[in-house]
Amino acid sequence: MTDTTPQMTDTGPMGLRLKSAMPWLCAALLLLILPQIFSANATITLMNQMAITIIFALAYNMLLGQGGMLSFGHAVFMGLGGVFAVHVMSYVEAFGAPLPLPLLPLFGGFAGLLLACVIGSFSTRQAGTVFAMISLGVGELIAACSLIFVTFFGGETGVSADRTYGLPVFGVEFLRQSEVYYLIAAWLLLSVFLMYLYTRTPMGRMANAVRDNPERAEFLGYSARWVRFYSFIFSGFFAGIAGGLFALNYEIMTSESMSLVQSGKILLITFLGGMGYFVGPIIGAIVFTLLTTVLGRYTELSALYVGTVFVLTVMYCPRGLAGLLMMHEPAYRLGKLRRLVAPYLKVLIPVLVATLGCAALFEMLFHVRHAPPGDHEMRLYWVTFDSHSPIAWGIVIGVTLLAIMTTRALIPHIKDAWHDANTIDKGAS
Amino acid sequence: MDLLLVNLIDGLVTGLLLFMLSAGLTLIFSMMGVLNFAHASFYMLGAYFGYQISLYMGFWMALVCAPVIVGFLGAVVERYGLRRVHQHGHVAELIFTFGLALLIEEAVQFFWGKSQVPFMPPQALDFALFSIAGNAVPAYKVFMIFVAIAIFAGLLFVLTKTRIGMIIQAALSFPRTVEALGHNVPLIFMCVFGVGTALAAVAGVIAGPVLGTFPGMAFALGSIVFVTIVVGGLGSLSGALYASLLIGWITTFAASYDVGLADILNAIGVDQPLDMRNSPWRDFWSITLSQVGPILPYLLMVLTLIFRPHGLFRKGGL
Amino acid sequence: MNKTMKGLCGAVAGALLTTSASYADTIKIAFIDPLSGPFAATGENAYHLFQYAVDAVVNDQGGVLDGDTFELIGLDNKISATETLIHLQTAIDDGVRYIVQGQSSGVAAALIDAISKHNRRNPDQQVLFLNYAAIDPALTNEACSFWHFSFDANSDLKMDALTDVIAQSPELTSGYLINQDYSFGRAVAASATAMLADKRPDITIAGDEVHPIGQVKDFTPYARKIVSSGADFVITGAWGADMYGLGTALISNGFTGPIYTYYAAASGITAGFGEAGKGSLFIVAEGQTNPPVSEEAAQYVSDFKTAFPGENFTLARTSNVMRMLAAAINEAGTATDVVAVANALEGLEIENPFGGTLYMRPDNHQLIQDVHVMAHTDEDIVNALDGSPFGLRVSDTVAAAGRDAASSCEMDRP
Amino acid sequence: MTHALDISGLKKSYGKAEIIRGVDLHITKGERHAIIGPNGAGKSTLFNLITRRMAPSAGKVHLHGQDLNGLVPCKINRMGLSRSFQISNIFPRMSVFENIRCALLWSMGFRYSFWSLVDRSKPLTEAADAIIEQINLTSRRNIPAGVLSYAEQRALEIGLTIAGGADVVMLDEPTAGMSNTETDYIVELIRKVTVDKTLVMVEHDMGVVFGLADRISVLVYGKIIATGTPEEIRANPTVQEAYLGTAIKAEQ
C-alpha cells in the first residue's frame, strides 16, 4: 500500500535514473519559480509555513503511516529542535561564531534526534495503545516543562533570536522573506528526498514489516523494538529539522509550539492527506494550511468547517485525500480516466451548491444567534440580505435541498461511469 | 491535621468526579476497544444541556434530562459514526473520536458562545454544610459524593446482578460467542456507548456549576480521564475507581502542600548554590509541588506504562 | 499530482491575497488578537470596542489630516505567537502601518521583537505597535522598544495603585499572593511583595505561590490553603477560567476578605460571581464608568451598547488608543511616516473623558493615566456587565499613577 | 557430536495446569524430524517454547550447543533457527516479492541499514527472485500477499521461513487445511527447500509425516512417549495404543 511507485526494476538503469529523477526536478523547478509568481511577502510566509508543515507531517508519518505508531506528542520534537536552533542562533549573535545560517536546521535536527533517543529508549518497547499513551504523557510533561524551565524554553514568551547575524552565504544575509523561502525550499526538497529514500532502505522496509506484523519480523531476525526505535529517532530528527526551519522563519519559539494542540494538528493533517501514502502528508499539509488560512479570512466558523471535513474524511474516505486520488490509478492504467471527467463535472456543480448551501445555513444560524440583537443584515457570497427573513431562509434551504437531491439522483450515473472506467480490472481488489 | 481531613474530602470529590467519567470510558474501551477521545466532550455537552434545561425547568430536571439527551446523542454517534469507522481499524476509530471532540467543542461555541455561561448550583444546596477549622464544606460537594457513590453502586449492581449485566460482561471477553448465542452485540455496543456518555453527562451536570461551564472544560479534563483509565488498567472498572481516587488525592495534596524540590534536595544533603540568578538550573531549584501538581498524573501514567503496562491495580497479564 | 495541487493552491492563495486593493484615503489598522478559541470572548469584545472607537472617535469626527479615515482589520491569531507573526506579515503587505494587540504579554513580546526586526530590515515599510492590554512590566522596561506604545497601565503601576489602597486599610494585616505560573503572574507577585514591604512593612505575606496556567481543574485545595493560612486579603493576577475557578472556590469555602484582582470581570465572570462576589471582589483597572465621570463618557458607553447590544463595555482605553493615535497623526502631519507619528505620540498629553489626563511617557512609551480600584457590586451601577445587574464601581483612585516611576528602558531610536 | 537442537526437561505450566510436562528431545543435524500427537497434546506450545515465543517454566533448549535461555526471537533467528506458523503469518499488505525480500534482509547483512537502497542491490533482488522461483510463485511476484490463495500463502510462509538461510527450519502444520493436490505440492516444496537442513515439523497428516520424516516423536499430554524412525513408531505398541492406531485407521 505504501509502495506507491510502480516497480522500477522493469526499466533499464538509464531509463530508471531519468524516470525517477523527473518528479524531483519538476518539484525543484516549481519551488524555484513559485515566488516569482506569488511575490507578496504574506504569500511567501504562507509557503514557508506550508513547507515546514510538510516536513513535519512527513516526519510524523514515518511513525504513523510507515511504522504503525500513533503518537500524541510529536510536537515536542519539533518544538525542542526549534528552541535549540534559536539558542544556537543567539549564541552566534552573541559570540559571533562563524556559522552559516543554512546549516542551522541541522542543529534542530540533532536536538530532535537526541530527545527521540531518550524517549524512544522506553516508549518504543511496545506499539499500539501503550506507545500512544506514553507519547501523550511525555508530550504533556514536556509541554508543561516548557513553562516551568524558563531559562531554556523562555516560558510563554518563548525564546527569540535574530537570524541575520549568521555568516553571510554568498552575500545573502537573509534579511528578506524570499531569501528565507529559498533556504526553506532547499531544505524541503532535501528532507523530502531523504525521507523518500528512507522508505526504500532496509530500515524503511522493515518499519513497514513491523507495522504489519511485528511477530513475523521478529522471526526474520529483526528486533521489532529496535526497528521502532530507529523509525522513532529518524522521525524525531526530521521533526527537529522542521523545528529548526520554523525557528529560522519566525525567529521565535514559544511553548505553544510544543503543546498537545500542535501534536493533534499534525495528526489531523497526516490523516487528512492519507497516512498510507508517501505523498499523503504533503497533500494534507498543503490542503490544511490553505483551508485554515483561506477559511479563516472569510468566516468565524472555520474551525467548525475544518472539524466537519475531518470527521467526514475519517468516515467516508479513511485513506485520506491521497487515497481518493489513488483510487483512480486503475482507471488511469486502463487509459479510461477521461471517461470520468464528464460525470465528475456534472456532479461537481450540485455538490458544490449543496456544500455552499449547508455552509450558508450554518452562517445564517450563527448570525441569528450571535449577531447583536437588531442587527439583521448579513453579507454572504457577495449578497447582502436580512438573516431573519423567512424568504432568505426559504431560498437557501430550497436551493440546498434541491442540490442534495440532484446529487443523489446523479449518484447512479457516477457509479456506472466508475464501473465503466474500471471494468477490465474487475478481478483485482 | 484539620486541613488534612478537608483535603481528603476535596480529593474524594475530585476523584469521584473523575470516576464518573472514567467509568463510562473504561466500559466503552473494554467492550469496543475504542479509546474515546470525545468522552470529555460528552461531559461538556452534559454541562451545557444541564445549564440550558435548568434555565427553564430547574436544576433537578436538568440532572435527569441532560444525561438522557446526551446518552441518546452518544448512541446516535455510535450507530452512525463509530460503527461505520470500525471496519477501518482502531486507529481510524481513535482519530474519529478525536475529530468528534474538536467538532463538539466548535458546536458548543456555535450554540452557546465562547464565554463562560452562568450555571449555578441549586439554591437548595447552596450553603455550607459544616466547616472544619474555618474551611467550609459546601452541601453541594457532599451531594456530589453521594451521586457518585450511587452511580458506582448502581453500575456494580447492574453488571453483577442483572441478566443484561451478565451479557455485557460476557460480551466484554467473548463478543463472538455472545453473538453466536443470539444476542445482538451491535445493539449492546450502542447501549453501552449511550450509557457511558450519559454517565459522563451526569458528571458534567454536577460539575458544571462548581468547575465552571465553558468551551474549554472538555479539553481541560479530557486527557486526565485517559490517564486515569490507563493507570487503573485499561478495561478494569475497579482499577478506574482506585486510579480516580488516587489521582484526585494526588492533585489535591500537591496543590495544598508547598514542598519545593529545593527542600527535598537540601534534606538529602545537596546544597543549593548561593547565587542562582544566572544559573541555568535556577528553575530546577525553584520547582514546587503545587507548580507541578497538575502534571503529576501524566508522570504517574508514563511510569506506570514503563513498569506495569497493564495498569497499577492489575495483577499479572491481560 | 502533488505538484499540480501545490500550484493550484498557491494560485488560490495568491489571488486571495492580492484582491484587497488599498485606498489612499484610509489608514489601515490591524487588530491582531484571538477571535476564536478559548480566549475569543475577550478578543471579540475588544475588537467590537475598537470598531466602535474607530468610528466614534475618528471617522465620525471628520477623520484625521484632510479627511483620511481609519479602517480596522480584524485578524484572528488564536492567541498564538506564530499566527500573530503570519498575520503581521499579511497586514504589512496589505499596507497596514499600525498594529493593535493586547491579549497575552507573550504574544506582545513576540510582536515587539518581530516588529523591531522588520522595521530595521524594511525601512520603507515600518510599522507601529499599539498595545492596549498586555501589561507585563518588562514590555516598557528591559524589553521596551521605540515601535511599541503601551496604553494600559502596566502591572507595576496597577500594583502601585493597589498597594496604596491596601496601605490605607489598617484592618488588612496578612496577604496571600496567588498567581499563574508565567512571567506576568510572577511579575505581579514580585511587585506586590516589594511594594507591600515598602508601604506597609507590618503586613505579613501569608503565602506567595504560583499555579500552572489553565491546568488546574479545581481550585478548592488552593482555597483551603489560603483560608487556613489566616490571610485576610488575596492578590491575584489570574484571568479567564483560572480567575473564575479561584474566586468561586475561595468564596464557597468561606473566605470573606477582599480579593484584589486584575481581571475578575466580564466574559461571563461578573455574571458567574453575581451576588456571591459582592463585597469580596475588587479589581484594579483604568477607565471609570461607574459612576460616570462626564456626560461625554456616559454617552459614549451607552452609544456603544446601542451599537453592540449585549456587549460589555470594559476597555475605556480602546477609545484612548484611537484618540491619541489620531492626535499624533494630526500633529505629525502624516500617517505613512510612522517614525514621525511615534515622535508625536511621545510626550503627547490629552484629556481623558473617562477621568484625568493621558500622557505618553517619552522615555518608555508607557501611557500614564488614572488607575482605579473598583468593587464588584450591583449598587449605583450604570455600566453593568454580562447582562447581569452587576458591574464595577470605583472605590479608590490614584491619579496619574507612576508618572515618575523608575524605568529601566533603554530605547534604540531610529 | 553436537545436536542441531537439544531440548532437555522443558516444562510449561499455566497456574496448576501443566501443558508441557518435561520434554527431552535431541535432533541431529540434517535430520527431518516430525512431531505428532493428538489434538491438545501441546505440539504448538512446544514449538512456541523452543522458539521463545513463550518463556518455558523450566528446562533448557540448546541450538548448536548454545543455550537459548533468555534470548528474544530475533536473536534466535539470527543464530540459525527459523519457523513458520500454524496460521499464516505473512505481511499481507506487501507484495510477494517484498515479503521474501524482507526475509532476506538480515541474512544478507543489511541489518538496520538506512544508507543502502534495497532496489539498488542486485544480489538481493536476485536472491529474492530465486526463492520465489523455488516456491513457484514467480507469476504472483508483484501481487499483495493478502490476496493470494490459501495454498499460495502457505507456500509464501515456507518461503519466508527458509529465505533467511537458517539451518534449522521449524514448520508448524505446513499442510493444515489443504486439499490433496495442494498437500502434494507443499510436501514437494518442503523436500526441495530443506535439502541439507535440519527440519522440525508438527504435522497432522500421517501421509506427509511418514513420507517426509527421518525420525518421528510422539507427544501425548505434554510428554514424548516415543521417538524413532517411521518404522519403529509404526511398530511401537504404546503409540499404537495411545494414538496411532486410530489415526492410521482414519488415514486408510
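Chains: A, B, C and D, in written order; residue numbering restarts at 1 for each.
Here is the rule we go by: contacts are C-beta pairs under 8 Å (C-beta built on N, C-alpha and C of every residue); 3 or more make two chains touch, one makes a residue touch a chain.
Only a predicted model underlies this, so the values are computations on that prediction, with no experimental measurement involved.
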Intersection of contact sets, chain C vs chain D, gives A
Greatest centre-to-centre gap (Cα means) from chain A is with chain D
Between the Cα centroids of chain A and chain D the separation in whole angstrom comes to 44
Could you tell me the distance, in whole angstrom, between the mean C-alpha positions of chain A and chain C? 35
Just curious, how far off is chain D from chain B if you go by their C-alpha centres, in Å? 49
Shared-interface residues of chain C (touching two or more other chains) are 36, 181, 212, 215
Give me the residue numbers in chain B that touch at least two other chains, ranges are fine. 113, 291-292, 294-295
Junction residues of chain D - those touching two or more other chains: none
Identify every two-chain combination in which the chains touch. A-B, A-C, A-D, B-C
Help me check something: in the complex, which residues belonging to chain A touch chain D? 1-3, 7-9, 197-198, 200-206, 208-209, 212-213, 215-224, 226-227, 230, 234, 428-429
The chain C residues in contact with chain B across the complex are 36, 38, 40-41, 44, 181, 207, 209-212, 214-218, 220-222, 224-225, 227-228, 241, 244-245, 248, 252-254, 267-269, 271-272, 274, 386, 388
Contacting residues of chain B [partner chain C, same complex]: 2-3, 6-7, 10-11, 13-14, 109, 113-118, 120, 128, 131, 133-136, 138, 210-212, 214-217, 219-221, 224, 251-253, 255-256, 258, 288, 290-295
Residue ranges of chain D touching chain A (in the complex, touch as defined): 51, 53, 72-75, 77-78, 82-83, 85, 89-95, 98, 101-103, 105-107, 110-119, 125, 142, 144, 147, 160, 164
Chain A partner contacts - residues on chain C that touch it in the complex: 1-3, 5-7, 9-14, 16-18, 35-37, 76, 80-82, 85-86, 89-90, 92-94, 104-106, 109-110, 113-114, 117, 121, 181-183, 212-213, 215, 307-311
